[in-house]
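Across the two complexes that follow, chain A remains constant while its partner is chain B and subsequently chain C.
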Partner chain A sequence: MNATQTIPVAITDFTKRYGAQEAVSNLTLDIERGSICGLLGPNGSGKTTTFKCLLGFARPTSGSMAIEGAPLTPATFEYLGYVPERSALYEWMTGAQHLEFNRRTFKSYDPKRAAELVDLFKVDLKKRVGKLSKGQHTALAIVLAFSTRPRILILDEPASGLDPMFQRAVLDLIIEAAANGATVVFSSHQIGQVERAADRVAILKNGKLIVDGTVDSLKGSEKIVEAIFDQMIPDLNGLAVDPRISRIVRSGRILRAYVNHDSEGVARRINELAPKNVSILDLSLEDIFINAVGDVAAASPNGDR
Partner chain B sequence: MVYVELLRLRKSLMWYTGVFAALYVIFLLSIHAPGATVHIGGDISHDHNGSIPLGALLAGLAWCPMIFATVLGVSLNRENEGVEMVWTKPVARERLALGYILVDLGAIVVAYFIALAFVMLVLATLGLTGLVVVDASAARNFGLGLGIAFMWYGLLQAATAWNRGRAGLVVGLSWAVFIVLAPLARIIPAGTWLHTAVVLINYVNPMAYMSAISSHSAGATNFSGIEVRSLNDLSFELRFALVWTIGVVASVIAIFSWKRMEV
Partner chain C sequence: MSAIFTVDPRSGVPLYLQVIEQVKRHVALGSLAPGEQLPTVKALALDLTINPNTVARAYRDLERDGVIETSPGRGSFVSSNGSSANAHRAIDDVADSILNNAIREVKNLGLDRAQVTATFERQLDRWFPIGEQK
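And then the complex of A and B:
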């Protein structure tokens, strides 16, 4: 099988334990060529652990991981670009020296591409990295990762610390890379970024894969009927047990019903409760995320592993 | 492949050379100070009919590459702060680590020559270079001195390559432990289990070999001021083989522990 036929990133039954704690449990995820997969999850859900094992920084306790059908080898990095969550740049080196390091180690290094990216992100190559802002750190890491035109990209919080203009530039780069056939796996706490770029989403919670699907299919799976009341929300008259409704969320004077089917019928029924306004909304990725992980987990202050 | 380490070495060697340059300036100022007189003599020249054997100079100068080696001995540990950067290059980890160790060894050799150049410059300033004679012990002492430095370097790599941080602490501790251990073999009464234990531990103590190089260099005094009789009893060839073997084995352990480290 050649590179175009194999699955670019295949994670099969992957488990990683740190002592008694299971960071990731039985994760299976195949990411197709040209796909952009957004890996979401609250802090500590196992995203970074998955990336670490995928890149060989840690060893899986069980299960397997393959890049283009084979286990990771040093040669894999010739076509795999990575942006870590935490800056791994050498603080005492300049940006220019980082690029020189890439030039010397990658056969696939493209100096023209690197120059374009430096220009795009306005990275000051003469400055020592320790003197750069957090955003410029991230920008330099992105320049390094994309300067070899990799066909697989693993990006852990790639837009972290960047201003909105550069965040957009990163998303454009990701979309452009995928349009040219690259496979991208990226994590982000900013769901809007994932919604804009990803065609597929995988959500992890406590190390388990709880949602996996294309963005369109996930968003089309439910509708939200939202009602705003003038006064307190009245008695729901058995609405909670309506089989068309998967769950109801009350927030002050706002009622949201998550509906599997017949959203218009549910809207008519809620209208009988005399709200000020009723509307039928499409599910956003944020709704899907919060539905999946729950508010408490999403607000977890613990760092990711 | 070893670009980053070469940049680091360039910086370290510049500092190292700067120290010698500063010492030379101090030396020049002191000999040109009003009323200054220079007394020429000492154990080395007295013992050799006024000549200065190169072997004795190299034995004394062995401290310099050794100090430099302890600075470089944590190079793999330094990489661990941002190991994601270097481990995502298309180069095998063991090849990369071996490359680091080889260029570090090269820099230790350069450090030895810089120290020698400094001494020769001092002698030249005093018009004494003509007294320096290349004796039979020069190559031997150079090889042993370099081996001791490499042994310490390897031990530090093996102790620090597999974790993040704490390298400075390990280097400092290694100096304290090795300095204390070396003379203990002479202080503790022979025949006791503690003496036996200390003597055995001293086989992996570079400082113990340092005393051996000095007392075995032709006509040289014991520069370290420490004597470990058990090591001095060993033949030169065995000491030479031991320091290089320990250095190589420790470096191999460092390479594989670095390769297998999880971050």
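And then the complex of A and C:
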């Protein structure tokens, strides 16, 4: 198979167990060429476990991970750039020594590109990694990840510890790489970064994939239908089990239904309850995220289920 | 060319639709003239810090609607074929979308059709005073 037909990053029925604890359960995710996939999830949702197995730092309990259609080998890193959550850098080596190490290891290492990136992030190459600040540490990892001009990038929290200017620079690098045809998987706690850079978003909760789609299609389908009533909210007539509605929140005379598709249809149905008015509200990716991972019981004390 | 467009990633409106609306608005206003070159997908994605596929999708839809033309290797340009018709349609599209949002919001306040009409006429009188036809 040639490179254009192969799926660059394919995760198939991947499960990882640590003892009795299942960190990731039956995750299947194919990342298309040229796509930027944002992996979101609260702490402990399985993101880092997924990244570790993708990069060969841990083995799947079952299922498979394939990069360009094949299991990981040392040669894969000629075209795969990565930033792991916990540093893979050596504390006792300087930045310059890391660059030299990569120059000797990878044929694809581009010293000019590396120098540009060092300049961009103002990395002090003379310092030992152990003496670098959190932000400089991340910046050095970014420099190493991008200095081979990789066509696949796997980045776990690639902007953590960076100031807003450098965070934007990391996003620009990711976007530039994708515009040149690279495939990117990255995670971030800053949903706004995913909202900008990603065309695809996958949300994990308790090791399970609970949302997967393009950012634009999610925004097109996930809505709040809000109804305001003159009097008490009437009996909801089985609205709570409507498959189009993921949860219902009541607050005084206001009813809000979080809808995953067909908001117009839900609005018509709620309109039959004769509210004073009904409106359909747009959601940001952050709203969609909170709604998807939020603890339903805690988030809606007056909820109907 | 850089930075003539702006988008709001946090808005609930999909980003590709925001890009389409921005391009139409500039064509309607004439700040993008017929035959003028648009930024490349990569340049606009980097300029706005948004996903390149999102920009590419917006350009595809704009091309389908005849607002822009893309020639392989040369880039994307504002359509010059029937350009005044295109500019008028772009103006109509943008006006439609602005009024659509305004009326939807006013309706959400609970006004009925007669009340919205009355409000609308009051605003029309303000912006288009009688005797000053334009």
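In this text, the second predicted complex is superposed on the first by the 235 of 305 C-alpha atoms of A that agree within 3 Å, B and C clash if a C-alpha of one lies under 4 Å from a C-alpha of the other, contacts with A are read in each partner's own complex, and residues count from 1 in each chain.
Methods note: contacts are C-beta pairs under 8 Å (C-beta built on N, C-alpha and C of every residue); 3 or more make two chains touch, one makes a residue touch a chain.
Nothing here was measured: the structure is a model prediction, and the numbers come from that model.
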item	value
Fit or clash between chain C and chain B when superposed on chain A	fit
Which of chain B and chain C A:G34 touches, first, second, both or neither	second
Touching partner for A:K52 - first (chain B), second (chain C), both, neither	first
Contacts of A:R151 with chain B and chain C, given as first, second, both or neither	neither
Touched partner set for A:K276, first chain B, second chain C, both or neither	second
Partner chain(s) touched by A:G192 [first = chain B, second = chain C, both, neither]	second
Partner chain in contact with A:T105 - chain B first, chain C second, else both or neither	first
Which superposed partner A:H137 touches (first chain B, second chain C, both, neither)	neither
Residue contacts on chain A - larger count, chain B or chain C	C
Partner chain in contact with A:V215 - chain B first, chain C second, else both or neither	second
Chain C versus chain B - closest C-alpha approach in the superposed model, Å	27
Shared chain A contacts, counted only where both chain B and chain C touch the same residue	none
Residues of chain A defined as touching chain C within the complex	34-36, 168, 171-172, 175-176, 178-180, 192, 195-199, 215-217, 219-220, 223, 228, 276-277, 279, 281-287
Chain A-touching residues of chain C, taken from the complex the two chains share	9-17, 41-42, 45-46, 49-54, 57, 104, 107-110
Complex contact set, residues of chain B against chain A	1, 3-4, 7, 81-85, 87-93, 262-263
Residue ranges of chain A touching chain B (in the complex, touch as defined)	52, 55-59, 74-78, 80, 82, 84, 87-90, 93, 97, 100-101, 104-107
